[in-house]
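The following block contains the structure, expressed as structure tokens.
To keep things simple, chains are lettered A, B and C as they appear, and every chain counts its residues starting from 1.
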Amino acid sequence: MRSASKAPDGTTGTSGTTFDRVLLGGKVLLLLAGLALVLAFPGLAPDAFILSVGVTIASYAALAVGWNFVGGFTGYISLGHAAYSGLGGYATALLIIDGGLNPWLALGVGALGVAVVAVPIGVASLRVRGASFVIVSIAMVLILLLVSQSWADVTGGSSGLRVPRPFSDDVLRPEQHERFFYLHVALVAVALLVWWAIDRSRFGIGLKAIREDEDKAQSLGVPTFKYKLVVFVISAFFTALAGGMYALWFGYLDPIFQFSILIGSYMVLMSLLGGIRSLFGPVVGAVIVGYSLEYFKNQYGDSQFHLVALGLMLGLVVLFMPDGVLPAIGQLVNRFRPTATSIREESAADLLARTTKTEPRQAEEVSR
Amino acid sequence: MSGSLLLQSLILGILLGGLYALLAAGLTLYFGVMRVVMIAHSAFLILAAYLAWYFNRETGIDPLLSLLVTVPLFFVAGVAMQRLLLSRLRPATLTMMSVLLTFAIALTIEGLLGYVFTGTQRRIQLDYSGSSFEVAGANIAVVKLIAFGLAALSLLGLYLLMKKTRFGQALRATIQHPEAARLLGISTDRIAGYGFGIGLATAAVGGTALALDSTIYPSLHWHWIGPLMAIIVIGGLGSIPGAAIAAMLLGVTQSLLQVPMGTTWAQTVFYIALFATLMVRPQGFFGGRLAQRF
Amino acid sequence: MSTRSLETEGLTKSFGGVHAVNGASVAFQDGKINALIGPNGSGKTTFFNCVTGMIRADSGRVSYRGDDVTGAAPHRIAAAGIGRSFQLCRVFPRMTVLDNMLVGVRPQGLLHRLRGGHNAGDIARARQLLGRVGIDHLERSEARDISYGQQKLLELAGVLMTDPETIMLDEPAGGVNPALIGRLGTLVRELNAEGRTFIIVEHNMEMVMSLSHHVVVFDRGAPIAEGDPATVQNDPRVLEAYLGV
């Protein structure tokens, strides 16, 4: 909560301690350093290949942040977000090729179109929770794969689709990479800004309440379905933008790779590894996972070994670090926090209440 | 569509539906005993198919005999998976995290299959591979009939196990009301382990049946998991009869649509049915109390 | 103000052939502390869930202050002015205590919600309510880190944040120590004195009898007796239902 220093009834809040100020300063410094490193990366990259890996990772980050609008706020894990990145890519490409639109306009219009398509999909899939939602999200990708492969007149089918380049051919390969690197970074920045704004808003509080306990949120008056649908559409929009941007950079679309479960699972793994409840979680996850994926693909080439690596990483994260890296670091830092709450004198009832501390989460699980 | 073609499609649909039903029953078992949606089910199916193919290639013996190895092996693997991996997940997030964990297992299996056997398409050649017989003008391949027979026998075995044995009683009690089952002295953890073992054993049987008449490759499991997931949601998560009925209906529909629409478009029937179900009856058509919250 | 509060007529809900609520017609008294008691499995919680829209009843009607709210979604029931707590207490574990409070801010319309950050007035009200239940010093803790008793208080404060005219509590005294039960009782009395109606499902007879003005007794999914605590306590049907004589 922001700057809550004094409560109206005169009791001191626990914020505003020196520790918090130091922590905030550290965070700002870290953020600035990270930003400087990102902006300097194209200059530091030794060759075009490393630069292209950078673009790939930035693209992963854009996808993961787009995914995290649904995953992070509502806790609905979609394994099928490749549906929206793929649709974004195809929409952008087709609007340029068949619609004759300017590439950047095509990107925006395409993403808006995907957002519109996401409304009925959201209406259908958000009616169910948990596992059923995941199943439906997977089904979406499989349907789109079937359709895009069969509908060869439009999508180029299995032979793929060439996307016209937005920059003229005079711009050399490394220069292309550099421009697209910054474009992707800008997209990530905008998406993060929107995520941050929602996180602070009352809308965000309602969404997080849905993540924690949907029935309870609804009983407190949150119109849960509407909330989920809105954030779902926002998520589809940003994911489609990321997919379209990738299409413009890569210049070629193939249904098998666009509508692939793997892309969706990358987004999940990245966000989960970084921490879905943190603003920068998906970005951190994208850097770690993106780098590892490129490393494994590079080391083991065409073999399917990178799938094993991906599978093992995902399994380990789910088993041992389901909250992600950033929350784990946060908890570590919090251990050094001087315990502010102990300053306040406790009433007898508080002490009594504390002695009855049980495991409420477990109890609740039983009642479900 | 001519009469004999229609009959042939119908019969093929029933044969296919039988296999779907067996596999969907396995998925339903996992969900029933632990509220886990097992994405890796079809990856294990393909793994079993590869084992049958490898067994046949190395020994030259009929792949059906590989069942003697794969079924116990998969049973043990299922118990181990439940005891060692899934039981470690926090109960509060079990359903969601188990989807991801089993998804990770599926990726690992697919990757390993690709790594060991390469991505080349494989097919078992048997002396009866090409043989078929005619019923009223419809042409039915012997291997498809054997595959159906295997599936039907296993389903019957599963049914008898569930209905007639003490273990089956405990299993059903665990599925319907875990807390009550615990109060009756049933060790639900152990039962859940065995439920997982049996579920995975259905994948072993299904995989062998599949290997008899299909070309297999590592990423084939994605073609199975979608339809199977659709079947269990439509049937109502947790209901074995619901899953079996949905499997039969959809298998037949898919087979009938293949003639006018082609194989690819015919597969969309599963997803159309899935979305229609969600709009009309999100808890599925045969699911009870269980299905509503998942 | 109208004297009609929450009323049901022939409310029925069955699970797989078992009638959890069986044609229940109940009228609760406005401005009073109503209690709903009955043996285990008599359908009290299912009744609660049907009334608040968590479960859809098979048949029957629910009305609140004369308006038909049968089958309305939970957030509509909340908007109509009915707040509820859950059995075994439910809070949002990985949100701070203060954020837990802000979930219930009204109005809940999406446009209101999208418009900017938090309103200082909402935060002040949240703190005031936290202070009232005595956990304002914990506002920055995550709800999962506070004790069970504190979570119960937080849940009540969170419900109050929606400013409900009627508050339904599902076993408020379940699993908490005597000191806290006393504190909850005092809070309920105070809030009632301010004009809020209570409907409480409770097993703790001492609490029910000392607190409530009007008691409804459930057995097998329907009311078998109602009246003031003293009358109900001596009703032979109630004794029969409880003791199975």
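Keep this in mind: a contact is a pair of C-beta atoms (placed from the backbone, for glycine too) under 8 Å apart; a residue touches a chain by one contact, two chains touch by 3 or more.
Everything quoted here is computed from the prediction, not taken from an experiment.
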| item | value |
| --- | --- |
| Chain located farthest away, centre of chain A as origin (C-alpha) | C |
| Chain closest to the middle [Cα centroid of all protein chains] | A |
| Rounded Å distance between chain A and chain C, as computed from the means of their C-alpha atoms | 38 |
| Euclidean distance of C-alpha centroids - chain B vs chain C, Å | 45 |
| Intercentroid distance (Cα basis), chain B paired with chain A, Å | 32 |
| Per-residue multi-chain contacts in chain A, two or more chains | 361, 364 |
| Parts of chain C lying in touch with chain A, wherever the complex brings them together | 52, 54, 73-75, 77-79, 83-84, 86-96, 98-99, 102-106, 108, 110, 112-114, 116-118, 122-124, 127-128, 131, 134, 136-141, 144, 147-151, 153, 158-159, 161-162, 175-177, 179-180, 183 |
| Contacting residues of chain B [partner chain A, same complex] | 31, 35, 37, 39, 85, 88-93, 95-101, 103-115, 119, 179, 218, 222, 225-226, 229-230, 233, 237, 262, 264-265, 267-268, 270-271, 274-275, 278-279, 282, 293-294 |
| Touch list for chain A against partner chain C, complex | 1-2, 4, 7-9, 11, 13-15, 200-203, 205-206, 208-209, 212-213, 215-224, 226-227, 230, 277, 341, 344, 347-350, 352-358, 360-361, 363-364, 367 |
| Interfacial residue positions of chain A with respect to chain B in the complex | 75, 77, 79, 124-125, 127-132, 134-136, 138-139, 142-143, 146-147, 149-150, 261-262, 265, 268, 272, 303-315, 318-319, 322, 361-362, 364-366, 368 |
